[in-house]
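Chain lettering (A, B, C, D, E, F, G, H, I and J) follows the sequence in which the chains are written, and residue indices restart at 1 in each chain.
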């Protein structure tokens, strides 16, 4: 899937989707991740997106999988346009891939689009077989003096 | 299973297991639920046992299932002897049954043993297929003026 | 949608999906809700299913909607077969409907299938426009002496 | 304010605001609360709206006040159209009134619009002078057999 | 133990322990529960004492047991003097009894001392054999129109 | 203290303290509880004040005591003016009284001032001798059909 | 907006707003951020302001946005005067800007006013499109040996 | 046990258990831990498995023990195949060993199978004798620039 | 205030207040902070005092302010005598000062008294104007190899 | 007390208490802390014991004190035998000492017994005079590459 998803990262500055009726893309291939200029390009800071609304399909069983994502990055010249990010996530709805793969694919697509100095993604997947999987990835080096709070997602604890 | 498990309810007052080496019974059939006299038989009150250590087998797949149980009852002439209760729960370790069935079987075995005026059991099962099942059963009528707090077990919430 | 979804409630006792490869149904029309005999038909108790993995589409925007469902019922002759319930929920993946409608449709489909003495469903929808909607429905009368704990889902609180 | 706000309750079924650019109304007088037909008019159920994004002005100091609202009702012929509800709440942005008054005004406007069999509103205001005020109001009688969960908002506790 | 502990309930109004050096009583027999006049004897209200510092001995093993108690009552002519209550609880330090017995003994001693219209006690015992026991008892009838909040003690949940 | 504190309840409608520099009253005797007309006198609703900032003195030791109060009432003709309520609470700063007495005195002063159909107060006192005391009082009868949520204050639990 | 907001940072030591009737400024341009001398200028410490009461407008839709801010800094010669800080935050009420921009503008305005050795701001925005954005910025270097606790704001988790 | 359990780590790439009926192995000796190729072998990231469903036997008493495990590792060439991991954990069901031993045995088996650059395991055991034991182990060195969040499991706190 | 409060730090080893009736000092000037020998003077460790019972006066309005303090230090030759610490905190009851000033004054008084190698204080103030202020200060260098847990006080979050 | 308690650390490998009736030792002098061989002596890992069941006496008043302890260490040749640890803690039941002293005495006794490369103990004491004391101590140096999670005990917060 890595190949297809990367294609989503068209570095398009003439925003095609904002303020328009934007149908859900059929796959990451069809999604258009967009970027907007960072209003504070000379300032090192962190932007965090929390996305508890994510679903894709299991490549083994074809059944739905669900995840909660948290994405942190230090913007350089660009910010991710948030509506296109939402549509990109939605485009995985009928796509099948393993948890580890999907999490890294999403992280890499954003990293490729924005070329931030640093980016990390936490994928917190709903349990299968009684055992949830979390995937944590980061790339680049945070600018010196940056402040990066913990993502603080509650650990899974079964029942009781 | 109901038949076998009920056999466990030998109403034995000469305690066989307390203060001795008591091996884990191989099945509910082999378990001996014991009872002791209620030191306050003329007083209406509630005893609650919380058992987060329970496991049995899935009758379809043979894989382990896990549950968290809370048992409440209003003692009459008898109390359940707590060590025998622990062993009885442990005896399900290699027994297969559906969640609804197991929960009611346990509740009924204790009710049969103690003949309390009232008893309830909450079975909070770990998720399978992303969907946990809880089972709630009670029998009898609580004595007038009794106080029965909520069991207060946290609802399942997936991730995030 | 009510018409289509009800069709899903084929009262099928020869289970078609359990222990087999069961693809995700394309719509509630194509889903087959199944039921199994209640092992304790003479006992009044409550079964609770918690389903944090639900998604459908918004009828106005076509964008994904997400919800967390909790279903409680008092089984009569039948239990819902849990794998078919999971597949039924999954069949809404590409279906569009309003929150109030979807919640009641699901509740009524199960009620129609099982004819329980009592059933309730809580639909806890993710926020749109900053305002989440919850929908609470129940039907029938619980058998006398039944115990029905609160669903206890945490209220939405925005940020901070 | 009660007079002005009530005027907002134009019982308008040709929705004016949904799917259009809808500017924030300048006051409750200018807001148009809209209603849509209830898809399940013969079914008794509860709809809950949670609105943590509310602000108005203090009538004594002119400073901003903030509140978190939870609205529950049992729909009859109508549902509140959720976008118009959001705009109605937003229209209080430059309106001054006491906490008790604002909470009841909002509750009564919705009750007047929808004529539900029952409605309640909880207004949880941010602290002033170290002491937050909560306001709880309900009207009408819930249909028999309805299920109404607690609103469950956390109590204020200062620091520590 | 019931006999001994009751003796503790000397209905002593000339307070012997308040504002003096009061050594820990060696047993409930030696403890002196004291009472003071209720400053609002004509008003129906509830007083709650929360005692997370309690320990006694296990009658089977001689090892220490620990409990968290919450006592609620509606005062009549008398209030329990709080220092004597603390000393009374401390007097169980070297006393052996079963959980159910100890909880009711304490509740009855206070009820005997104060003759309140209503009293309840919740004993929340630390786990033994992985299974904690809670004991809930109340006696008398609360005066009409009284307000009695839930004790709200968190349920035990093992680990995770 | 009951006598002195009641004097505080001057039923003063020409507000003396709002929008002025109001020094902290030296005692409840010197405090002036004020009331304002209820803007919705024909509507049955509940107003809740949460006051985590309260301190007085211990009548035995002269040391500071601290409490967290929650006051609920159903307004009739009057609302309590919130600034005067804050000053009234502050006036106990150098007053000595027992927990039960102080809680009821405050509740009765407000009840006397407002003559509401119903009022309740919960006083949650900080621990002394390891044992905190809570006091719960209500008076009057709530109007039919009123909605009164739980106060939901967390129980004390020592450490760990 | 950066230009306008910076103008707010008039380094005014003759406090204009404290202890007076201070109307809400119409925009950050009209706000006057004020500073007072640090009573411990030779001591390295951290001051934290938590502001859960913030609202501005969305530059795309004109609809209200809400945020929860936490500001930390190590004072040098000056402290921010807290009333002017509150009014400055309130001045954004009718100002439109993107989340990333607003958060940095506020942080930079305070940094410009106070010239602290170190400052950081966390902006925790309410969800839009199901995905909340958090923005984290800091500038300067904390004095050696300073203690800076985590801001500890709970992560967003949708529903359930 | 270390010897036997290690034998489980057959580095088998032709998956024997996925998509087939896989009975619970009788012991770690009989379990087959399997591995699959890492789809992102050139990327440094962390995978976390949370396993709240674990039970084995106490070597002293033969009674069941329960634990909650969290496993983190940085994949190199291989990922652990999650179904085989679940079966491996299940294979301890009738195995007796001390908490410290079991925790390290599991961690080492996975480390031996996957040869990751870094791995850690937290074993959170249910209380025995009122005192739970947690075991924390890690091996190897995390690749530079990796992000490893805290496991965040709640501490045990007894009752109250 | 710094001058006056420091006078409180009489380094008095003949304890004047312990085990005697100690009236509340009228001001920090009148308080006598006392110290006792550290029983483990050659061991580097941390002592933490948590003081949720603190109140003083606002220097601008004269109204009560409230705070929750946590003090950590590494004892050298001396420990703070805990009863004198409680009385010292109580002595601020009628003293007026700004939050930043009071927090540092208390921290410095203890540092001056004990001359510990390291000390820190967190002052968590109740909200004023909707915005609470926290103050964090530390001095000295912790001995090598010391363990200093986070203070972990919950952040303020307004309502909802 | 340090002298007496250290005597408890008899480095006894022939376990005297495990699997036998072991009465509660009368004092730390009489307690026998035992050790067992570490099954993984060549592996650096952490063992954590959580002990919420601890009580001793106050040396000033003779009244009971209560604490919650968490002990972490990195085993070398030995593990502490957990039953002897439980009995050792129980032996303080009638021993009087200051909080700081008791905490360090326990930590040092275990350190002396096991000679671990590193050990730490957190003593979380119940409040006296409204102010709880926590004591944190560690000794030795953790082996390189060890993983030591936070103890995560909730801070005390009084009421509300």
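Keep in mind that, in the parts below, contacts are C-beta pairs under 8 Å (C-beta built on N, C-alpha and C of every residue); 3 or more make two chains touch, one makes a residue touch a chain.
Everything numeric in this text was worked out from a predicted model, so none of it was measured.
In terms of the stated touch criterion, the partners common to chain D and chain I are C, F, G, J, listed by label. Overlaying the C-alpha trace of chain C on that of chain H calls for a turn of 180°, given as a multiple of 5. Ranking C-I and C-G by contacting C-beta pairs places C-G first.
Chain centres here are Cα means. That of chain B falls 56 Å from that of chain G.
One finds 51 Å separating the Cα centroids of chain B and chain I. Mean C-alpha position of chain A lies 46 Å from that of chain I. The residues of chain C that reach two or more other chains are 52-53, 66, 68, 86, 126-128, 130, 132, 150-151, 153-158, 160, listed in rising order. Chain-to-chain contact here is organised irregularly, matching neither a line nor a ring nor a star, and falling short of all pairs touching. Listed by label, the pairs of touching chains are A-B, A-C, A-E, A-G, A-H, B-C, B-E, B-G, B-H, C-D, C-G, C-I, D-F, D-G, D-I, D-J, E-F, E-H, E-J, F-H, F-I, F-J, G-I, H-J, I-J. Of all residues in chain J, only 18-19, 38-40, 43-53, 68, 70, 75, 79, 82-83, 85-86, 145-154 touch chain H in the complex they form. Contact residues on chain E toward chain A in their complex (touch as defined above): 155, 157-158, 160. The residues of chain J lying in touch with chain F in their complex are 52, 66-68, 124-128, 130, 132, 153-154, 156, 158-160. Within the complex formed with chain F, the residues of chain I that make contact are 21, 23-24, 52-53, 55, 57, 61-64, 66, 86, 90, 93, 126.
Across the complex, chain B meets chain C through its residues 2, 60, 98, 100-101, 103-104, 120, 122, 127-139, 141, 150-151, 153-158.
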